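Here it is, the structure, as structure tokens.
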């Protein structure tokens, strides 16, 4: 029993965070929004860091990491508001293909030469797929209408939900950071507004919410890595809680920014929009609530402190 | 269309408020708690103000007021944390007896010489009735076990719920007042704690909640006076909202009082306990929620701005 | 208390309902935060005015019907029930109009009110400056007296409607070196006057709903000042009171939203989480409570009362109710919430409305400021330095 | 990350479970806030100590088992799952014990720790004073040096367990005229020493859970001082850190409450409102999240890390979770919530628990203080005067 995150995954996540902070700032998001939405140079950078092969076995040219390690990277993608379809391809499709024994394309995927856009019956769209275009509130999301024959594989759903939850946590963390940074410098009534308790306590509430979502996320990822039968419950817990934390972070951050937060000029809106989009992706709040209720209240999942890791 | 409270009812309520503030302070509650729970002198004072005959027709020696006027007095009973069974007898039982045409006892009730403790299937107890005693968290509540054959008359339920809601509003108002008074004088870090935004905003939230419960209460009372078929919906709205406001006021007030609020020495606990008791009386939060949902979501009650007073 | 409408009120409701049924555009207008949509909304204002429906409570001499607040509420109820468009004229008829009626001279009333009622002149507000948002007394933009003119220099921001409107109103520092609430005057100015540069601010959804205004030696006649020189703060506080108080957000708007939300819940009831279900019913109750409260305040005002700091309670309540209703809709829509066009082909008004609702707790005095006002003026808690 | 227990850990769990099954009193004890109940709880402490279960993480030389934090968590999980009594010894084993281990001399460790572990000496805390609650640095009670003794004069309040405990610990002003955090020392004192008057404070439910302490020339040997003279604030902050941090509220307690709450929901599911239903499930999720978080912190501490200002996040979360769980239970119970004995004849533990839960956001540093700490130390927001 050791709830520490694997040091090598944490180190990689930190490297990715630094890399994205340096190369993928709000200016890049603005440029992509002005035209193109995707940029092969960004993608190539991710490939060069090995991220497309993160979950691909080492035998196929990948890093062979766990889903927990993948969730740590998905969180960084959320934090940076990365729009490239890295998560869907490398962190959702790859482990699903591996689980199905469909390993033919893994090396090509790891090399960054193939994107896999998987439809699922729970989503009315496919992200970065092909077909009739749909307009999302998130200008950097490329959606097309879902095919009518999309399957409803439960493992695929859990992978998508887990990685969406991880991105939502990263998005929420970034929104909190932006609000804190603004509150430190914006002055009203002769003081930085971050000195007022109304602002302090609002942001403290976001910090509390995030502190108690992160371990749920890691526990869900580990439950999937361990193949626990209870993994869907834990994934749903993570997605549900991450959704609420992201909404809370977004509403709190825009309130702290005041009218500035309502502009395109401030960066915040990119993160808010991504959060609203991912909140409904791979099972919305209702869907995941019902899975939790069915398991926990329905009696399939044992309750009580002695069953913490059931 | 005129949503003003009737001036004569408001005047009477103000007179009752002053009278109770002068004769029925926390010292009286402490004395009653130390022994006796009820005091004939208090009761006699209420009788002399005509309150036992508030809803009794003038022809029977009463004041012949409306339920709205009665709700204004019930709110004052809540504000003063009055324990005498005035509300149950004069504001719940009397109008019910009148509606049933059972008018024989009205003059005696108006004269303060008869209490009427009505059981109802929704309550597991009878307040100030006779039978096996039950211990309430509220030391000034006299409860006995309900008889097995208690009826479930819907009018009686609505009357009980309406007057409970009115008391809850008064209780909540009093708790807010107590918290404000404490916050004005208690100093920490060199300032009255009421100067800190954390305290200000907490109490402002209670003020907001109350501001938007009071008109719901008056509207419910008027709907009963008018005999609207939608009256049960409005009563349930009032009880549900008043319950939440009272819980919020209690939790906020004790937090503002800090450790002092946790003592018997501070007056607050009498009000909190009454609020917790009345929250469950005459239909709890669940009961009233379901009535609201059935009517509003079920389609029986028309929705939309053009139906505000349906 | 009498909660029944009079026959006259019922007849008025019927008249409003019939007029709206015949005139409300069948197609939803383009957002008024874009030029084409703004023009559509201005056309609608003129259509309303043609039926004498611009502002029913205004005296008939200024283009109103001289009706009372109950009739105004009835009009609003029908207006929102009919799904009529947003009001491009809102800053004028709800904020500036009442301000001019209270503080303006007879000449000013005659000059400014009728074209306002007719939708001929659309007004923008210009309160905030880059350094003066919640702290409005920190205004720096100056209006220097030069004979029978003021000469304005400086900058305003978050000026709503200002990208496309005709005239603006705001507070300016007319006394050199004055501090805080002193030395400010309330001025009206032509947005097309020489020296004014409008820079539309792109909002988070991409449309320019408000603008920055740059003033470079802009000359404004002294007769455009409302009330005395240096009395601007008092006037602005009254205007802000109108804004937060009764007029800005009539209950009909929120009740219409609540009814739509309940309809959405019915459609999605088989998958809505139970908590979301109760939340929606609670929010409907909130919209009802807001309506009752407004009727109560209206009755008090009609009986000679006024709305003071309670306006802050109002503002907190409606803005957080509106945000919560739209948030609930986002959760009900689930995977479709992010789509600008819903699967049935309709525009995703819930998404647009959610984004707009996020501004509610910010504008017209942030809810943090409103909670301070509530605590200090209604509850009597002390003011302390930065707290 | 490895979320499976080792065979040794599983065996330990089994051992704890069996011992508790054999020893936990079948009858619920009387509340420890009354003398008779306190004595019952002290007897239980001694029973625990007899099995060497007083505090499993303490070194064996002081009466512990020298186990690690994971084993402590396992012990706590089984403890609360078994419905074992509250700990009369809590101030000692969770707060003062770790403080003495960190700051005490070898003599102090040998003198105070073993009787603490055995439940022979029950400790009360004595932090607050009438004018020093949230603002603990406002402490006024003095401890004047007189040879090899301090002489204490003044008053402490909200001293939990002090009505019936044996010894107390707290902060006293040992430097005359010193201000705020300076000149304070951390002293241990015999509650039966001459000059101490205990006045039990009647709590809102009627029982005297805490007490006021009056000190009139109370002589305390200098060797009862923990750490150096004037170093009291530093020591107290560490103690408060233990209180808010890992030890005060182990997750097992809240998970046991959550499981009981879920069972109550099952019993009342046919009448619970849908929002209350989701609220209960959410609260269960919250208790799980709190457990995961604690395991994560424990793992970090075992790897040489420490818990700092994050302890404030913890304290906010568990105290508001606990209150919300009990509030939900009150609503589920509905008309029975007010009854001290439920219709089935059992004591209404939910009511008792709700009342107790209201103290959670107040004690151990109010949640307002914790939110300030969170904002200033974790988020880096500025400290401003009164704000």
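Each chain gets a letter, A, B, C and D, in the order it is written, and its residues are counted from 1.
In this text, a residue touches a chain if its C-beta (ideal position, glycine included) is under 8 Å from a C-beta of that chain, and two chains touch if they have at least 3 such contacts.
These numbers come from a predicted model, not from an experiment.
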item	value
Neighbouring chains common to subunit A and subunit C, by label	B, D
Greatest separation from subunit C - chain, by CA centre	D
Chain centre separation in whole Å, for subunit D relative to subunit B (CA means)	37
Subunit A and subunit B, separation of their C-alpha mean positions in angstrom	49
Shared interface positions of subunit C, touching two or more other chains	273-278, 368, 371-372, 384-387
Residues of subunit A engaged with two or more neighbouring chains	191, 195-199, 201, 289, 293
Chain-level touch network, classified as line, ring, star, complete or other	complete
Complex contact set, residues of subunit A against subunit B	196-198, 201
Touching residues on subunit C, where the partner in the complex is subunit D	273-279, 282, 384-387
Parts of subunit D lying in touch with subunit B, wherever the complex brings them together	128, 131, 133-135, 138, 157-158, 201-206, 271-276, 323, 327, 330-341, 343, 351, 354-355, 358-359, 361-363, 366-368, 371, 386-387
Complex contact set, residues of subunit B against subunit D	122-125, 134-139, 141, 143, 187-191, 195-199, 247, 251, 254-255, 258-259, 261-265, 268-269, 272-273, 276-277, 279-281, 284-287, 289-290, 293
Subunit A partner contacts - residues on subunit D that touch it in the complex	1-6, 9, 13, 17, 70, 76-78, 80-81, 251-253, 255-256, 258-259, 262-263, 265-266, 277-278, 281, 284-286, 288-293, 295-296, 298-300, 303, 310, 313, 316-317, 368, 370-372, 374-376, 378-385, 387
